[in-house]
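What follows is chain A paired twice: with chain B in the first complex and chain C in the second.
Our next item is the complex of A and B:
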C-alpha cells in the first residue's frame, strides 16, 4: 500500500509538471501579440496557484491516509468542527481570488478596446469556409480548406499542416491595429487563432468585434471552434502576417485582379473555359455537401440527374444566387463573382452525366445580378 | 404545523399486520407486472439504477465510437455526419439518461431509509416518473434510425444549427426531452415532499444526513430549471414547425437568446449532477475514517451557496459570444466565487480524514478517488473562470477535460462509491473484494489516461467536436482512446460484481460497515421490502 501510494503521488506530480517543462505543444502558446502574452501569464499564474493549493490539499490528504490508518491501530479523534479554521479556509481562497481578479479585469478591458483601428476586416462564417472582406478596399475572398480530400480519407500521405492549411490566407500587416468584425451567413461559427489569442463567435444577425495587433511576421494557424455542422473540423483559419510595405503591394495586386475578374464578365466565354473554372468553384464550395460526384449525401440533394435543376436554368441560377431559405443552401450572391456563378452553373448542368449542353454566360449573370440589386 | 403532517402510523399498525395486509389485501402482481405497477421505493430505486446502468453502457458505446474515430488523424470509421450524432447522443444519454437517473435511483432507495420514512411521499407518482424515462429514451434513440439521422448539433443544441439547419428528427428529440423533463420535475417534487414531511419524529432539518440535504437542494434546482429547458425546447419546436423566429436572425430572432436560456437551465443542471455526489462522499468518508463529518453545518451552507450561485454564473459558458464588458466581468467574478464553497467542502473532507482511523474498503477507494479527481476538475474550472484566458480555452479539449473530470472521475465515481457502499444493504451481501479492487484500479487508470491528456491537446489548440484533427494532437488522442477502451471494458467488471453480489457472497449484517451511523444501517440487510412502518427511535447526533 505504501509503495503504491508513493507511486501514485509521484505519478500525479510528474504528470502535472512535465508539460510545464516541455511547454511547446503541451501548453498554451505565448503568441505574438501583447494580449496573447497577458493571457498566457494569467493562465500560468492561475495554474501555479492551483498547483500550490493542490500540493497542500493532496499533501494533507495523503498524509492523513498514511498516518491515520486503521490497520496501524489509529484511534479516531472526536473533533468535528473548528470555527476559526473554517473561517480561515473560507477567507484565504477569497483573498487569492480577489488578487487574481485584478489583472484579469485589466486584460479584459484591454481586449474590449476596439477603438482607433488602422484596418477593418469583415469576417463572415459560412458552412464551411471563411469569407474575408477588407472594408473600404474593394477586396474580398473566401478562404477554403487547402488539404486535399485524399489526405483526409487516408489514400494520400498527410502533409505537415494537415487540416490547418487554406487556399487563400487572410493577409494582415504587422504592427497595425486590425479590427475584426465577425458575423455569419448560416449557423454560429467561431474564429480562433491561438497565437493571436483571438477567439470570437461569428453569429448570424450579429456583428461581433475583436482586434489584433500582430508583432511578428509569420503564418498563424487556427480553426473554427463552434460546432457548425458536418464539416466543422474542416474550416481552418490561416493568417499570414507581413510587413506593412508588403501588405500594401499585396492589396494593390488583389485590387487589380478583382478589376480584371469584373471586366472579364463582359466577354464571351467558351464552354471548356466555363467547365474548367466551374469545376474549381464546385470543388471548393459545393462538393462538401453535394459531393464531388454530384450524388449528394443525407439531406443534401443530388445534382447529378436532378430534373428540377436540368429542366429550368433560371430556377437553377436562382438557387445558386439567392440560396434556399430554411435550408443549408446558402446564397452565393456576395460570395461569387458573375464569372464564377456562370461557370459553376454551367459545370453542374454538364457534369456527371448531366447533358443539358447549356452554357451560361457571365454577362447574363452580371445583368441578372444588376437587375436584382435594384 | 403538526396538523399539516400526514397521519403517522398508529402503534397497532405493526410490521406483521402491515405485511399481512399487503400479502392478503391485494395479491402482489408477479413478473413484468410487478415492476410495471410497483409503488415501492426500493423497487423503483432498483429500476432507476438498472435503467441508468443500461444507458451508461449505451452512452459509453457512443463514446467509444467517437474515441475509435479519434484514435488517429484522418477519417477511418465513420462519416462526420454520424460522428456528430455520436457526440450529441453520448452527451444527451449520459447527462439525462445515466447520471441523473442514477442519483434519482439512489435517492429513491436511500432517502426514505436515511430519514426513517416508510416510503416516498407520493408512491404512484414515483412509479409514473420512472416509467416516463424508458419511453423518453426509446424515442430519443429511435431518432438515430430516422431519415436524416438523429440529433447532430451537440448536447447543447445551439440554435440555429438545431432549428433551421437540423435534421427532421429534431422534433422527436424535443418530445423526448420534454418527457424526460417531466419525469425529473415529478421526481423532484416527490423527493421534496418526502424529505419535508416524512422525517422520523425528532429528526430536525439539521439532523439529516448530507445525502438527504444535498438531494433536497438538488430537487429545488430541478424544479427551478427544468421548466426553463421545457420553454427553450418549445421555442425550438415553434421555430421548426410553426414558422416563428425566436432564434432565427433572418426573421428578427436572436440566436444568442437561445444560449442564455439554455445555460440558465444548463448551469444549475451541472450542479444537479454533482451535489448528490457531495452527499454520497460525505457519508462514506466519515464511515471509513470512523470519525464524524467535519463541519456538518458548513457543508450544508456550502451546498446551499453553490446552488444559489449556480443561477448567477450561466454566461461563463458564453464568454466569446460577444457579451458586453460589464457582463463579462460580472460572470467572471461570480464564477470565481464558486471556488469558495467548493473549497470548503474539499477542506472539510480532508479534515474529516485527519486524525481518523482510516480503512480502504471499495466504497472508500472510490470516494477518495472522487475527492482527488473532482478537485482536479475544480482546478481547471477555476482556470476557465478567468474570462480573458477563457478566450483561449473556450470550446477546446481543455473544456472537454474539465467537465469530464467533474462528471466521470467526479460524479460517476461518487455513484460507484455509493453503489459499493449500499450494495450490502440492497442485496444482503458484500461485493466481492478482489473484483471490486480490480474494478477500482482499472477504472482509475483508464479514466485518467482518457481525460488527462485532453488538457494538453486543448491547450495546444484542439477544438471540441471534431472528427479529425491536425497531426500535432495525435499522441494525446492515441492515449485518450486507449484509456477510453480500458475504462469502458473495466465497467464490465462492475456488472460482474453486481451480479455476483445479488446472487451471493459474504453475508452482511444490518450495520455493514463498522463506522456507519445513519438510520439505513438500523434495518436488516438486505433491507426488507417494507421498512420503518413504525417510525424509528431517532437520536440526534447533536450536530
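Our next item is the complex of A and C:
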C-alpha cells in the first residue's frame, strides 16, 4: 500500500511535468554555444533534482496525512528530538547544494573569461536602438527596429518576426571568440539573445564584458530586457552568424561603404537626394518621438510648422548635433554621419508642409563637426 | 572552551541535543560562547576564502 501510493504520486508528478520540461517553447533553448549548452544542462539537472525532492517530500507528506489520520485512530508522537535524524536531514540538503554549486561555479568562471578574443565589439544601448562598433575595424552602425509602423499601429498584418527584426543585424563570424563590451548612452538597457545565452546589462558609465563563440551559422533573435522607457519593446537584437570567409567579405564591404560615405560628404547633394535619404533617417531614428507626420506627441514637440526651427537653420542643426541636455532629445553627433545629419535636417525643413526650400549640404555639417570636435 | 566550541559548531549546523542546551545555559559565562562564536566564524570565513582561492587558480 505504501509503495503503491508513493508510485502513484511520483508517476502523476512526472506525467504532468515531463512534457512541460521537454516541450518546445516552454523550456529555455539549448542554444548554439558551448556555454549555452552548459547552462541548459545545468538547468535540466537542477530541475530534475527539484522534481525528485518534490516527489519525495510531498509524497511523504501526503502519505502520512492519509495513512495516519485521526479517523484511523492515529496518536501523535510526543518525543522531543532525534539528533541523528536531524543531522541527516540537514546534511543531505547541504550536500545537494554543494553538488549543484560546483558545476554552476565552473560555468560562471568560464562565462567571465573574456581573455584572448579574436574580435572586440562595443555594444551601446540607446533609447531605443543598439549601436555596434567593430573595434579597430572602423566599422560602426546602429541597428534599428525593422518592423513597419503599420504593423505596430494595427493597420497592417503582423509579420513572422514582429518586433524581432532590425534594419541591420550584428554580423558575427562563427567559430571565433567574440568579446562584447556593453555600455549605454542614456539609461540601463540589457542585451539578451537566448540562443547565445547572453543576457548582460548595458549601464551608462560602465563597461560590462561577455563573450560568445557561435558554433552554427544562423540568425539569432533577442530583445532589450531592461525596462528602458517608452519604446523598450522596440529595440530588438538580431545576430547573424556567418562563416568566417563570408564575415571577412562583409567587413570589407562595410569598410568600403564607410569610406564612400565619408568622401561623399565632400560633393554637392541635390535636393531630392537629400530628401530621400532624410526620410529614411527620420523614419528609423526620429519618428518614434516626433511621429511619422511630424506632429509630435506629448512631450515630443511638433516639427511640422515649428517656427523656431524654420526661422533658424543653425539652431535646428545644433539641436540635432548636440541634442538638448536633460531632455529625451539625444545628441546625434556620434550616431549619424555628416550626410545623414544634412539629409534629415533638410527633410525636416521641407516635409509635412514645411516649405523653407533650404537644403543643407553635408560638407557644411562636416565642417561644423570638425570645428566642434576640436 | 572546548565545550563552547562544540556548541557553536552544533549551532552552525542547526542541530543540538536538549540536554546539552540546558547544560550550556546553566553556565553563567556568556563571554566564552561569544569568543567561541567569533573564533569559529573567523575559521569558517577563512575556509571559504581558501576554497575560493583554490577554485580561482
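FYI, the second predicted complex is superposed on the first by the 327 of 374 C-alpha atoms of A that agree within 3 Å, B and C clash if a C-alpha of one lies under 4 Å from a C-alpha of the other, contacts with A are read in each partner's own complex, and residues count from 1 in each chain.
Just so it is clear, a residue touches a chain if its C-beta (ideal position, glycine included) is under 8 Å from a C-beta of that chain, and two chains touch if they have at least 3 such contacts.
Small disclaimer: the values here were computed from a predicted structure and weren't measured.
In the superposed pair of complexes, A:86 makes contact with chain B and with chain C alike. Of the two partner chains, chain B is the only one touched by A:152; chain C is not. Once the two complexes are laid over each other on the shared chain, residue contacts for A:262 go to neither chain B nor chain C.
By the touch criterion stated above, A:105 is placed in contact with chain B and with chain C alike.
In the superposed model, A:60 makes contact with chain B only, not with chain C.
Of the two partner chains, neither chain B nor chain C is touched by A:351.
Overlap of the chain B and chain C interfaces on chain A comprises residues 80-81, 86, 90, 105, 109. Interface residues of chain C, counted against chain A in their complex, comprise 13-18, 55-56.
Within the complex, the chain B residues that touch chain A are 73-76, 79-81, 84, 148-149, 152-154, 158, 160-161, 164-165, 167, 249-250, 253-256, 289-298, 320-322, 325, 328-329, 332-333, 336-337, 339-340, 343-344, 346-347, 350-360, 368, 371-372, 375-376, 379, 382-383, 386-389, 391-392, 394-396, 452, 456, 459-461, 463-472. Taken in their complex, chain A has these residues touching chain B: 1, 12, 15, 19, 25-29, 35, 38-39, 42-43, 46-47, 49-50, 53-54, 57-58, 60-61, 64-65, 68-71, 74-82, 85-86, 89-90, 93-94, 97, 100-101, 104-105, 107-109, 111-112, 127, 151-154, 158, 160-164, 186-188, 190, 192, 194, 197-201, 203-206, 208-209, 222-234, 297-299, 325-328. Residues of chain A that touch chain C in their complex: 80-81, 83, 86-87, 90, 105, 109.
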